[in-house]
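Paired with chain B in one complex and with chain C in the other, chain A is shared by the two complexes that follow.
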Partner chain A sequence: MTLATRLADAPLRENSKEPGVLQRAWINRADYLYVLPSIVVMLIVIAYPIYYTIELSFFTTPPSLQLRDKIFVGLDNYSLILTSDVFWRVTANTFIWTIVSTFAAFVLGLGTALALNHEFVGRGVLRAILIIPWVISAVAASYIWKWIYHSNFGVIGAVLVSLGITDRPPNFIDSVSTVLPSLIVVNVWREFPFAMIMLMAGLQTVPDQLLRAARVDGANAWQSFWHVTFPHLQGVSTVTILLLAVSNFNSFIIPWIMTGGGPSNASHIWITHIYELAFGRQRWGIASAYSVLLFIIMMTLGYFYVRALSGAERKDRG
Partner chain B sequence: MTSFGFNRAIRRGVSTAAAAAMLMSSTAFAAPPVDLSKWSPEYVRSIAGTKDFDTAADCGKVTPLDYKGRLTFWYQGVFEGDPDLLRQYYKDFFAAFRKTYPNIDLQEQALTYNDLLDKFRTALLGNAGPMVVRLQILGGVEFAAKGYLQELKPEDVGYSTEDFWPGAMKSNMWKGKTYGVPTNNETMALIWNADVFKRAGLDPDKAPATWDDVVKYSKQIHDKLGIAGYGLVARKNAGNTPYRFLPQLWAYGGGVFDEASPNPNYSKIQLNSPASKKALQASYDMYVRDKSVPVSALTNQQADNQPLFLAGQLGMMISHPSDYDVMQDLKKKATGSDLQKAETVIENMRYGLIPTGPDGKRAVVFGGSNMHILKPEYVDGGKVDQAAAKALICFWTSPEWSLKMAYAGSNPGNLNGFKTKWMKERLDKIKFLDVTTSMLPYGIPFPTIPETPEIMNIVVPDMLQNALTGSMTVDQAAEDATKKIQNIMSGGKL
Partner chain C sequence: MAHVVLRNLVKTYGPHTAVNNVSLTVNDGEFVALVGPSGCGKTTTLNLVAGLIPITSGDISIGDRVVNDVDPKNRDIAMVFQNYALYPQKTVYKNLAFPLQMRRLPRDEIDRKVKEAARVLDMTHLLERKPRELSGGQQQRVALGRALVRDPAVFLMDEPLSNLDAKLRVQMRSEIKRFHQDLEATIIYVTHDQLEAVTMADKMAVMNGGFLQQYDSPAQVFNHPVNMFVASFIGSPAMSLIPLEASSANGRTVLTGEEGWSIELSPHNARKVERSTTKKVVLGARHSTIKLSTSPVPGAIPAKAYTVEPTGDITFVQALLSGAVVNISVPPTMPVAPDQPIWLEFDQERMHLFDGATEMALEAD
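And now, the complex of A and B:
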């Protein structure tokens, strides 16, 4: 809203007790005009695909037919998904992947941020080194880790065998029981610098005088952290956790490149499974139904993210 | 499960080669235009270098050499597992085409085997495909069935259908119509390291005769030397997996459908037959019971087996003659003791026929690629330059270039390629070519149905992984795969 408009509207606002929705919309008409281009673009690139995905989720597309020849099946795709064993396995994998990755990346990021919040020689260099996993390409990182983990000529296996710790290289990504934890380690390695940066920024907001006062009052390091530092990090922590959770829920590159969801679907998470259903198996309808379910979950997370963001802003202001 | 006449014939002592030749010929056409039984290494040597071809003149009759046009082209190109020699031929091909047709603006895009199908399907959904595509042999029918491809037969680009392998032509046919022209056709062989065999107490000059022998040899190599015996590959979404498992499946008398029978109709699923389960059991025995194959088999492609083999860490594997050149390329990167090791391995590289099943049945995937022209409505821009498209297809499938583009690894799609001077040169240069040529009569094409890519790239590897990881028993994995194929065939359920 321009300053001129605000000034012109000022008497109107003062006179009316409680302007209605339309009145407020008219008052703020300039704001709507400013955001109109963005809304149009959003409608084209987001709203239409969402609508089309929802529509597709009610159709089936056999391998011998084009997408345009799709057959209406109502809610069959949803019931097919919810009664399939793979769905529950992939969902469990997705939640394990998201929760463990988010928690571990946050804790590691917090620890590193706290360590780097103190002055010491080489702090800048160390900070730069620690950011590397986050800035390098996820594709390159996935290939490197695939090689590091390789069950026959992987770096970790070779080191362990040469040190006499194991007889044969450990099986990281070719076993159904170890593949997901192994991929989570890679994901945490890539994500913790993001949490670190966010929390380092948050640590700048902790008033130094409060920490000094706590020390004067005899608080130990843990007490200072828990009663002074951490409360100041709550806003940024919530936002960081939500951003990490959303990003992890949508992960694709690491599991797809390193294992393609295998072996035996043990590392399939929702996004990789949807990709395989759509592009590998051309089950556009089923993949769309999966996407709709994922969309609902993401919107719920998004709602909490916006709420947390608003809460953090209010806290900052207040 | 039905007992095939074909199997009975083998039991009666009919030679495997002749039977398989009959099988391949009859699967394609009622009156076989190519007598595959004569395609022995001796026959190939006898015809090599007997005829000259002028590619520019031949293709000039299809599309005038001064034709001005524009062409978009996607193709399955060279990848990390291919030799440098092949890379050079690809470069030479495009340079030669541009020189011959200087006024055709060719915009080509190379994609790897495992990426091409996904990208092509996605592009077609948005009507943004290329005008011409070169697809792997199992892909064409899917797109023909969906109506994306134009009818196209060798006669449209100046050749005769009889100039191409019947099995290859069959992979281009859907409901009696032809939708493509073969560029190359391949059959693989068993490669082994004679030095490893010797150190493991095996005859260094003798390939395992049967798949049961492969299991035994693999265990012996692993137990004696502590290295992997056989280069099993069970990665999902990778062409290498079906190319290596299906020969084993067929040799045991099994199959996905009845594709190994003389007249397949693909109506009965046989992945859960006792014979198919035996084949799966053999893989299970090697991976789980004996632990005699690379642990990384579940994520490996053949390209991952190559460095293991070169490092002397793998006794046997299935691959092309080009692997010999790949080893030479990899050797160039080695230094010090690694170089010495690599030299020893290359010296001890041996090629043999793919083993038979317990009944003496020998089989190999009849692989390769085909060129297709898309319908204009699915092409980026909505137009197809027919003349330019035919010029390119004529050029690639010519005797000269179908031979050169398959120089190190496979066979020319155009049979006249065998008659060129380059074939003669190739016989002298490419070691072990005879072995893969000897495998040609045993070649079995993948089922020519639209569901084949999903079955081969997803269901078959899933079955292997389910059994090898212990997620399911061998029986359960085979039954699960059968159920999945039933679902696919009955309208595309999961």
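And now, the complex of A and C:
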């Protein structure tokens, strides 16, 4: 806004202490103009697909597989999803996948960040090595891990056999009971460096004087961590955990490439399942309904993320 | 309470020596200020006493115990930090209780001690607040309280007032002094503000470049600085230091300035100058020991007022002599204007003379 409009608006603001939403929008009309281009782009690439997904979730795919012939079924898709066994199986998988991956990646990241926070020879090299899983392509990593896990040619199996721990190489990703934990290991391996980097940045802001004060006050290393360092990391920890949770909820590459959701849906999580329904089996309506449900869950997580972020900001200012 | 002895204390960081062979004794119940410019080694010395950094060589005793390798928590010390270092997520009560909890004291004893400390420092009403809800002065009082609850042998204070505004600093200065008197506490106090040191301490240790320059009572340091550094660092405005040329003839010793003027020294001062290793002698004079006249006086040194700074009850006049800035204080009623000719007389009894080469104070005997 130019100085002239600001001055011209001044009496208007004085007259009514709390201008209405529209009035405020009009006063700040120039600001809206500036963000208009990005709003238009967002509407085209985000708002319309969201609308179309919601619309599709009330239809079912016709036998012709042509979307122009789609058949309206109301809320049938939703009731079908909520009463199917696969839905509950996939949901359980998704939550196990998300919670275990997030927690393990965070704890591992915190541990490595704390270890790397001390001066020692080779720290820089070690830090660079530890970041590798996060910076290499997830697709490449998934293929490599698929080979590492392979029941006939896998490195892990070969090592276990040669050490005499097992007679036969174990089935990591071909068995219903071990596939999800095996994929979670890969996922944690891939994303713990992210938590590590975030927490390392957080650790650098812990005031040295506080740690010294704690030492003089008689705290040992663990007590210093628990009473000074960890509370100080609260903000960055919240943000890290939420970002990890969101990204794990939306995971696709690792399970899709390594198992495609199998065997018998044991490693399907929401995103892979939706992808398979839509693009594998052309079940657009069911897939859309799944997406709408996922959208609701993600928005709830997003709400907490924003709240945690602004809360951390408030704390910083206070 | 206990006494603290530093013997030949050295701390090096690679090639850099932060603390160089410092020895001093802090007696039981004494308030000692470590004072010096930034980077002089005073905070490092304090951290060495606290045990927060390891010493390179030398000895530190607290009480009758050598504590060189003792952990900070077992040294029976409490520390007050420049930024207060309060635990931000804990209430005032929990901040005060923390050092006691770490010592595994019974809950009711912790409660009693915390409330007693809060009462002494008049902050009972603040106990449930978080540090960020407190003013700077209140935070500093909590930091003092956290040191107090421990009932330590020695209090170590690292520039505790430097984050406060000027008015609050003066107020907290007297509070800390009162705190020292009431508790008869042994306090080692680091400051870069010589005024804090002079007003609060029983003894001050002036440091520069890692070396202990002088360790004595504030009055002694003020009146008998051992070298030019101490002379210029203690006192505000700083002591004027004027480089002059000494010469003797027919039993008279005179100091001559660049401008050609000269002062004939008293026999006592002449004996001092005889001990100088060089002809170059530096004359030191505090602002109040120089007499300024606005009309010619026989024997006085002619000069020109450079700036005039009225401060209310005293006016400071600055003049240039022999390339040095000379501060003179005059009553505010005296009419002096910049560029006006003035005449200066130095008080022979209260002037200081320094060796121009070694920068050490010259003594008559």
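The working rule: the second predicted complex is superposed on the first by the 292 of 318 C-alpha atoms of A that agree within 3 Å, B and C clash if a C-alpha of one lies under 4 Å from a C-alpha of the other, contacts with A are read in each partner's own complex, and residues count from 1 in each chain.
Note that in this section contacts are C-beta pairs under 8 Å (C-beta built on N, C-alpha and C of every residue); 3 or more make two chains touch, one makes a residue touch a chain.
All values reported here derive from a predicted model rather than from experimental measurement.
Student: Overlaying the two complexes on chain A, which is it for chain B and chain C: clash or fit?
Tutor: fit
Student: A:206 contacts which: chain B (first), chain C (second), both, neither?
Tutor: neither
Student: Treating the CA centre of chain A as the corner point, state the angle out to chain B and chain C, nearest 10°.
Tutor: That angle rounds to 150 degrees.
Student: Contact-wise, after the overlay, does A:144 reach chain B, chain C, both or neither (first, second, both, neither)?
Tutor: After superposition on chain A, A:144 lies in contact with neither partner.
Student: For A:231, decide between first (touching chain B), second (touching chain C), both and neither.
Tutor: second
Student: Just chain B (first), just chain C (second), both, or neither: which does A:283 touch?
Tutor: A:283 sits against chain B, while chain C stays out of touch.
Student: With both complexes superposed on chain A, which partner does A:301 reach: first (chain B), second (chain C), both or neither?
Tutor: The answer is neither, since A:301 touches no partner chain.
Student: Taking the superposition as given, does A:161 touch the first partner, chain B, the second, chain C, both, or neither?
Tutor: neither
Student: Tell me which touches more residues of chain A here: chain C or chain B.
Tutor: B
Student: After lining up the shared chain so the two structures overlap, which partner does A:131 touch, if you call chain B first and chain C second: first, second, both or neither?
Tutor: Touch partners of A:131: none, neither chain B nor chain C.
Student: Please state the minimum Cα-Cα separation between chain B and chain C in the superposed model, rounded to the nearest whole Å.
Tutor: Closest C-alpha pair between chain B and chain C: 51 Å.
Student: Once the complexes are superposed, what residues of chain A are shared between the chain B interface and the chain C interface?
Tutor: none
Student: Sort out for me which residues of chain C touch chain A in the complex.
Tutor: Within the complex, chain C contacts chain A at residues 47, 50, 52, 71-73, 77-79, 81-83, 85, 87-90, 98-99, 102-103, 132, 146, 150.
Student: List the residues on chain B that touch chain A in their complex, please.
Tutor: Where chain B meets chain A, its residues are 118, 121-122, 125, 142, 145-148, 228, 234-237, 294-299, 307-308, 311, 313, 450-451, 454, 457-458, 461-462, 465-466, 468-471, 488, 491-494.
Student: Spell out the part of chain A that touches chain C in their complex, as residue ranges.
Tutor: 207, 209-210, 212-219, 223, 227-228, 231-232, 234, 318
Student: Going by the contact rule set out above, which residues of chain A touch chain B in the complex?
Tutor: By the definition above, chain A touches chain B via 60-67, 71, 80, 84, 86, 146, 150-153, 168-169, 171, 173-176, 258-266, 276-277, 279-283, 286.
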